[in-house]
Amino acid sequence: MTRNVVRKAAALLAAAVLIVLALPAAPAGAHGETAQESFLRMGTIAFWDVKYTESKVAQGQELTISGTAKILETWPDQLAEPKLGFIGVVAPGPVVVIKTRTINGQPAPAAIEVEKGGVYHFEMTLAGRRVGHWHVHPIFGIHGAGSLLGPGQYVDVSASPGGFANDITLVNGKTENLENLGIGNLTVWTIIWFAVGLVWLLYWIVPKPTVTRLPVTSQIPLNTDGGAYGLITKKDHRAMNIVMALTLFLVVGGMVYQANAYPVKMPQQVLRFAPEAAVMDATFVTMDPKDASYDVDSGTVHLTVAVTNTGSTPAAVEAFTTSTLTFDLAETAGPGTVQVSPSPVIAPGKTVTLVLSMTDPVWHKERLMPVGESRMQITGVVRTKDAAGHENFTTVQSFVKPSRIA
Amino acid sequence: MSATTTAPEAVDERTNALRKLLNRRYRFIDRKFDIVFWVTAAFVVAAAADITKLLFAGDWDFWTDWKDRQWWPMVTPFAVIIIPSALQYIQWLAWRMPTGAVYTALCMGVASWIGRIAQWDWFGGFPIVFVWPVTIIAAAVWLDWVLLKTKSFVLTSLIGGFGFALILWFVNYVILAPYLQPVDWMGLPLTVSDVQGIEYVRGQTPEYLRMIEHGSLRTFLGETQYVSLAFGATLAVAGYWLGQFIGRMLAIWPIGRFIKRF
Amino acid sequence: MSTTISRESQGVRQPDSTSEFPKGKGPTDWGGGWRWMFYSSFLLAGSFIFLRVYQQKFAWYNEAGLDSASPAFKHYWFSLFLIELALVTVITLGWWGWLLKSGQKVAASDAAKPISKAEEVRRIVVFWGLIGSTCVVLYFMASFFPNQDGVWHQTAVRDTALTPSHIVMFFWAFPLGITMTVGTYLYGRTRLPKVYSPDKGFPWSFFLLIAASVTEMMQVAMNEWGHSLWITEEIFAAPFHWPFVTYGWLASGIFALWAETLGRLLQIEDEVEEELQTPVTADAAVA
């Protein structure tokens, strides 16, 4: 009867999953960033000018992701102070490999020392590795706070004849494939040790019965080997001595082998440093955010900012960027755009109060307008450009008043 | 019969009785019980040994670029000696077989390799040469051999434990050696393992999480690894007694004991 | 006057006859008492392998597992989560209920007609089979799927407690751990009264083994709470994870189960030996 119940359960399980699989579903678009609180996403790191040189590569073919990330001055107080950071890539596993990375022009193999307000131009060269359709993001991790994702893009990796080979040249001049470097050494030693272990174990458990030893062992003291009763014999001792000697010989032999096969070695390197400060244009605008509101029904954010042009030429608002999103200046409202009223241009020496309006379903979809949450706030970077082509990136932050809570 | 000859005869009798008992033929108990015991216990022993290694020293075990000479030789012996020690107690007490450590090492070895290949390689996509697990079989042979020779758990913990940590390091260093070769990366000297770490994207493992030797003011004339090994050996002795506690109090003590009141 | 009559002619004092069981299906035959071990282990392992294949198809490749806010996630993963919980509840309550109900019948039948030694041995063999299946579940719980959890979480951004690896590990394997440990106890309690009858009390061996599976389940809750609150970095060897190990050590009680039933097996063998050696007293009329 149990068998029938169990069989029925197994059939049920298989049927249920098959039914589920038969129905198609829309593909995913984001990768976990929606789970981060909006104050965390917006108030920590801003990304701009993130560019991908290719969206379709073959295995082994390269593409470059470049952009700028800034650790905002509005870094939330409940997170640890930014001291150590890491710029990398998030993808569904090593579907791409990172070949090079520079931060503010310097090669950056490891984590970097960072600070609030720091601006980091990054450039990473990637190569396609696994065939597929992959969403890839730059990611900026801050020790103690977690990782913040930058704007992502799909990268298609197509098959190359011969598959993916990852050649690397050692300092000694040898070229190896990083995909299987050292596999011979690894395989041989793994097999050797399994064989040694099996010899040891099987010597005892194959010829000698096991459970029937208990009536005897339960009658002798713990620290005796029961040699007199045949539990462990002199032959057993001799055999185990041989296996032990062989083991020690292999250990010593192994060390001699590796010293000859790989004579030049060094420990893992931890090359962390504080990147040189990014070269930024001189400041020509200052901003004083006044307030912000969010119209729940139309999905529109209005941000009121008093902008002062301290430069000598007119300056214009170009874009607003926050988290993974960029809103570019446009005449008419639409997703991914920002409208500035009364005008995006600020005359030199003047202070004007501007309203930046952004209508986009993304505020609701990605939970970026935290209506009803414990911290209703918007943070982002306003990008302005003057007549000479200089750019300023100014952090603004304001509490948000929603049109309704429920 | 004179009284002086009864004592040796009594010993002989007992010896003969126990010898006979060892070779007794049973009506129902046959070698199938042995096979089932060794094969099914392998699953739970592999489970216990692997989860202990994974959650006490897992990150060092996962990645070649974590297998350093300061932390790895310290945490790994401690993590991987616990369950072998418990099994040594159980298998010596119950069967007088010096097999607890090697049995655990083999079971854990198989489980680790299945995990790395089926999950880290096939599921996650990482090349096995980046994510291979440590092998503790040679160290376990030493541990079992010391128990066989000394018949003492105290001596096994000290001599066996110390040797365990050292052999563990040497055996796995042989496998690690190719990955410590230097490479020029963007003009900087890195090891092959560092480059593996850079190249194979680990989205949620930023480099600052790496708990490895960062360079220190005092490198003891370059002998960091020996200092770590010595400390690691001491921790292995402590881990051995943790394992003895598990074997004695959680596996053996409960036998035939019942809770009467709740 | 009494006469010792040989075993062979007497017949009554023969060791338990295997005619009680069909040929090849005796208490200690692979196709007999041991077959339950194969059925349950293969079924359990089969479910885990099936789910592993499912994960291979639907975790990364259509990205369903990467974004818990997506429709694809709901379709492939949240649905699986619900199916698993429903199934494991049905299977668990069904099996435990059957063990208890049929156990009452077994007890009544045993009281009316004491079971043969062969039958008692068969039950111990089935019990060992259940322990073996429990071991298989513990392996998938504590080694196979944790390895996967490691690679998932060190790669993908955590945005939900219901990741593809968690859904199978925490919500299929872990509950089955409880199913098997408690179920094995219920079998022992109802079928092996000489070892585990309730009037002896609750066995410490089972207490520890069952406690291991229950505390592991509880630790899941603490783990996810911690990950949502503070732990944004994914180090596997973090102290926060250590209770999974220490609770797992409690499963060492499983060795005591082998010892306790082996002890009873040896007792049965001694009883057999005694019976074989006891001479039979002939009827006075024969003498």
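Going by the order they are written in, the chains are A, B and C; count residues from 1 in each one.
Convention: a residue touches a chain if its C-beta (ideal position, glycine included) is under 8 Å from a C-beta of that chain, and two chains touch if they have at least 3 such contacts.
Bear in mind the structure is a predicted one, so any value in this text is a computation, not a measurement.
Enquirer: Farthest chain from subunit C, comparing Cα centres?
Expert: Farthest by centroid: A.
Enquirer: Select, from all pairs of chains, the pair with the highest number of C-beta pairs in contact.
Expert: Answer by contact count: the chains A-B.
Enquirer: Hey, how far is the Cα centre of subunit A from the one of subunit B, in Å?
Expert: Distance between chain centres, rounded to whole Å: 32 Å.
Enquirer: When the centre of a chain is set as the mean of its C-alpha atoms, what distance in Å lies between subunit B and subunit C?
Expert: Distance between chain centres: 26 Å.
Enquirer: When the C-alpha atoms of subunit A and subunit C are each averaged to a single point, how far apart are the two points in Å?
Expert: Subunit A and subunit C have C-alpha centres separated by 39 Å.
Enquirer: Going through subunit A residue by residue, note those that touch at least 2 other chains and give them in order.
Expert: 90, 93, 143, 147, 211, 214-215
Enquirer: Could you say which residues in subunit B touch two or more other chains, in rising order?
Expert: 26, 29, 33, 37, 94, 124, 126, 201-204, 206, 209
Enquirer: Listing for subunit C: what residues touch at least two other chains?
Expert: 151, 155-158, 233, 259, 262, 266
Enquirer: What does subunit B use to touch subunit A in their complex?
Expert: These residues of subunit B touch subunit A: 15, 18-19, 21-24, 26, 29, 31, 33-34, 37-38, 65-69, 92-99, 102-103, 105-106, 109, 113, 124-129, 132, 135, 137-138, 140-142, 144-145, 148-149, 151-152, 167, 170-171, 173-175, 177-196, 198-204, 206-210, 212-215, 224.
Enquirer: Spell out the residues on subunit A that touch subunit B in their complex, using ranges where they run on.
Expert: Counting only subunit A, the residues touching subunit B are 84-86, 88-91, 93-102, 107, 109-111, 129-130, 139, 141, 143, 147, 166, 168-172, 178-183, 185-186, 189-190, 193-194, 196-198, 200-201, 204-205, 208-217, 219-220, 222-226, 228-232, 237, 240-241, 243-244, 247, 250-251, 254-255, 257-258, 261-262, 264-272.
Enquirer: With touch defined as at the start, can you tell me which subunit C residues reach subunit B in the complex?
Expert: 15-16, 27-28, 30, 34, 37, 52, 55-56, 59, 117-118, 121, 128-129, 131-132, 134-136, 138-139, 141-144, 146-148, 150-158, 200-205, 207-208, 233-237, 241-242, 244-245, 248-256, 258-260, 262-263, 265-266, 268-269, 272
Enquirer: Quick check: in the complex, which residue numbers of subunit B touch subunit C?
Expert: Within the complex, subunit B touches subunit C at residues 26-30, 32-33, 36-37, 39-44, 46-48, 50-52, 54-60, 62, 75, 86, 90, 94, 111-112, 114-116, 118-120, 122-124, 126, 201-206, 209, 211, 246-247, 250-260, 262.
Enquirer: Quick check on the complex: what are the subunit A residues that touch subunit C?
Expert: Result: residues 1-3, 5-6, 9-10, 12-14, 16-17, 20-21, 23, 25-36, 90, 92-93, 132, 135, 143-147, 149, 211, 214-215 of subunit A touch subunit C.
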